[in-house]
Amino acid sequence: MTDLDRFLATFLNPAVAGQYAGAIAAGVLVTIEVAVAVLVTGLALGLGLAVLRAYRIRPLNALIVIFVDVFRALPPLVVILLAYFGLPNVGVTLSAFAVLWLVLSLVLAAFAEEIVWAGILSVRKGQWDAARSTGLGFAQTLFYVVLPQAVRLAIPPLTNRAIATTKNTALGSVIGVGEIINQAQTAVAVTGNATPLLMGALAYIIVFVPVLILAGRIERRFAWRRA
Amino acid sequence: MPAPILDVRALRKSFGPLEVLKGIDLSVRPQELVFLVGPSGSGKSTLLRCCNRLEEPDSGSIRLEGVELMDRACDLNAARRRIGMVFQGFNLYPHMTALGNVTLALRKVLGKSRREAEEIGRAALDRVGLADKAACHPGELSGGQQQRVAIARAVSLEPTLMLFDEPTSALDPELVGSVLAVMRSLREAGMTMVVVSHEMRFAREAADRVVFMEGGAIVEEGPPAAMFTEAQHPRTRAFLQEIGR
Amino acid sequence: MDALLQQFFNLDVMAQAWPLVLKGLGMTALLCLAVIPLGLGGGLLVALASLSGSRALRWSVRVFADLFRALPPLVLLILIYSGLPFAGIRLSPFAAVCLAFLLNASSFYGEIYRAGIESVGRGQWEAARSTGLTAGQAFGYVILPQAVRNVLPDLVSNTVEVVKLTSLASVVSFTELLYAADMARSVTYNASPIVLAALIYLAILWPVVRLTSRLEHRIAA
């Protein structure tokens, strides 16, 4: 066997690939499940918090800012371990999947709030003036005039965040969620062959494609023609 | 003499230590066009913005057709839709078409159906000469066209009073005329208007009264012919001469 | 409530775990000291290469940088940590962890620098060259300072991400802050050591996070 053959047999072994394609595919499914669940709840919560913050109720805003800062500053893995190993001891037992979903949702919500809030702030004051001068109320102005503009500005950074969040689903492997990298590592341990690792890496790239396409769609949906 | 549409009494407003309106009295009769002039920083914009409480006055009284806007019980949104406002920077909603800009308040404030709102909206756009631009976004319109859409947005709500804050100052000279023409036609249709502007020719031919403000107070007022030729106050004279050249 | 305090804010357990956690913090600091400066430098090289005149260089660097940005950092880490030995390459744990984070960090920093450089108008370049500055001088004295200033918030928030990234080293049993805390947790059956680690991360990163949102809002306003 030449060196090249040995290399191929170790990293691109068709037999191993065939044997574990099913497992990796199952992992892909779990990754997509977690990612979709997290994107839905995280973005909704983040948007909701940003809207709430626009009402500028002082004590509430202080809480929102603290929440956002904490979840932006903490490594998600720290929170995952804390929730997974700490909560059962106080009587709250969540599945690994639920912990991963919950923690990543909170992290995404924190980043999304910050991004949408920045978007709201960057809508010019004249937009508020114009809308209020026609008799629209605060909430109407916020929802019909300001938020559509804010969200449009927020979409590129939100897309980046959505992708980062999808990547963070890999952290689930640490607490035994059967997502891609978890499946790949198990396969490597069993076969003593590195092929499943590369398959896993490739699978992640494939998972991002729909995220990018979705983001492109949304971006076009919120786009408007400008000079 | 008919009851005034707008009656402002002893209006005061400060920004921190800076007193910008020092007790303004101004009343506007039905169908009157009041032309408000004064040096930069004299408080013209602040006065207009206080009239519909976009800026919160510190004290004083604002009556719109006899209804006190400073009352706590006053439905401010209902009052605001009766006061049309046109801004120097147009402030059109960039994510909506021209028609969408005009119909938003018709639907959400007056509760009209989309169909009805669009009918009124199209009529308003037609009135400012932009019937063919209904589907355009603000980014596709020239400054003059944008400002006319903004006027249509205000007019469509059938206000009893319109406030214009330097509506032509952000426009290229060749586009000013189209906006002034729309304002003239509004005036001919009997609209009551308060206009802050530097367009002295428009003041001469269209205004009923010129009000000169300086340092947060009204210094002098009178019919345009008198104000432009024989203003009493030397500061008024100096200002009008400077700007009217 | 008492159980909650017992489980998450047990001062005795924290005190017990402190020496171990402190050691972990030392390793985290070491990782950061290696990865952040090298990443900032590497990122600049990536940006320069991805804007270079040579087509081959430009595209190969872009492809690799995109790849390293697309892969979840944990996957990259595991690829390097458990994949390279299959190819007969044996790195020390510290080297493997550093390499993985460095590839990730340089790719992200590189993308940020690139956006910054592209945000500086061509006129600046032409003006600088027209006064007789060499290409290197023009870049160093005129383009780069403006580029960095334009993307400073992004550079700072990416640095926060890099510090958070180092916690992944715990997955390959590298004794940094989180691994040390988790070890203490498994010995004491109490989550307080992880809370301690979380507090340390917060103490380091919260001020920086505050700073970034200040910077971002200033630009937005």
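A, B and C are the chain letters, set down in written order, and residue numbers restart from 1 in every chain.
The rule is simple: a contact is a pair of C-beta atoms (placed from the backbone, for glycine too) under 8 Å apart; a residue touches a chain by one contact, two chains touch by 3 or more.
Predicted model only: the values in this text are computed from it and were never measured.
If the chains shown are joined wherever they touch, the resulting network is a simple chain of contacts running from one end to the other without closing.
Greatest centre-to-centre distance from subunit C is found for B, with centres as Cα means. Nearest to the global CA centroid, when each chain is reduced to the mean of its CA atoms, is chain A. In terms of C-beta pairs in contact, A-C outnumbers the other of A-C and A-B. Subunit B and subunit C have Cα centroids separated by 54 Å.
Between the Cα centres of subunit A and subunit C there is a gap of 19 Å. One inter-chain figure worth recording: subunit A and subunit B are separated by 48 Å, centre to centre, where each centre is the mean of the chain's CA atoms.
Multi-chain contact residues, meaning those touching two or more other chains, do not occur anywhere in subunit C.
Those residues of subunit A lying in contact with subunit C across their complex are 7, 10-11, 69-70, 72-79, 81-82, 85-86, 89-91, 114, 118-119, 121-122, 167-171, 173-174, 180-181, 185, 188, 193-194, 197-198, 200-201, 204-205, 208.
On the subunit B side of its complex with subunit A, the touching residues are 49, 52, 54, 77-85, 87, 89, 91-96, 104-105, 108-109, 137-140, 150, 153-154, 157. Those residues of subunit C that touch subunit A in the shared complex are 3-4, 7-8, 67, 70-75, 78-79, 82-83, 86-87, 160, 164-168, 170-171, 178, 182, 185, 189-191, 194-195, 197-198, 201-202, 205-206, 208-210, 213, 216-217, 220-221. Across the complex, subunit B is touched by residues 124, 126-127, 129-137, 140, 144-145, 148-149, 152, 222, 224-227 of subunit A.
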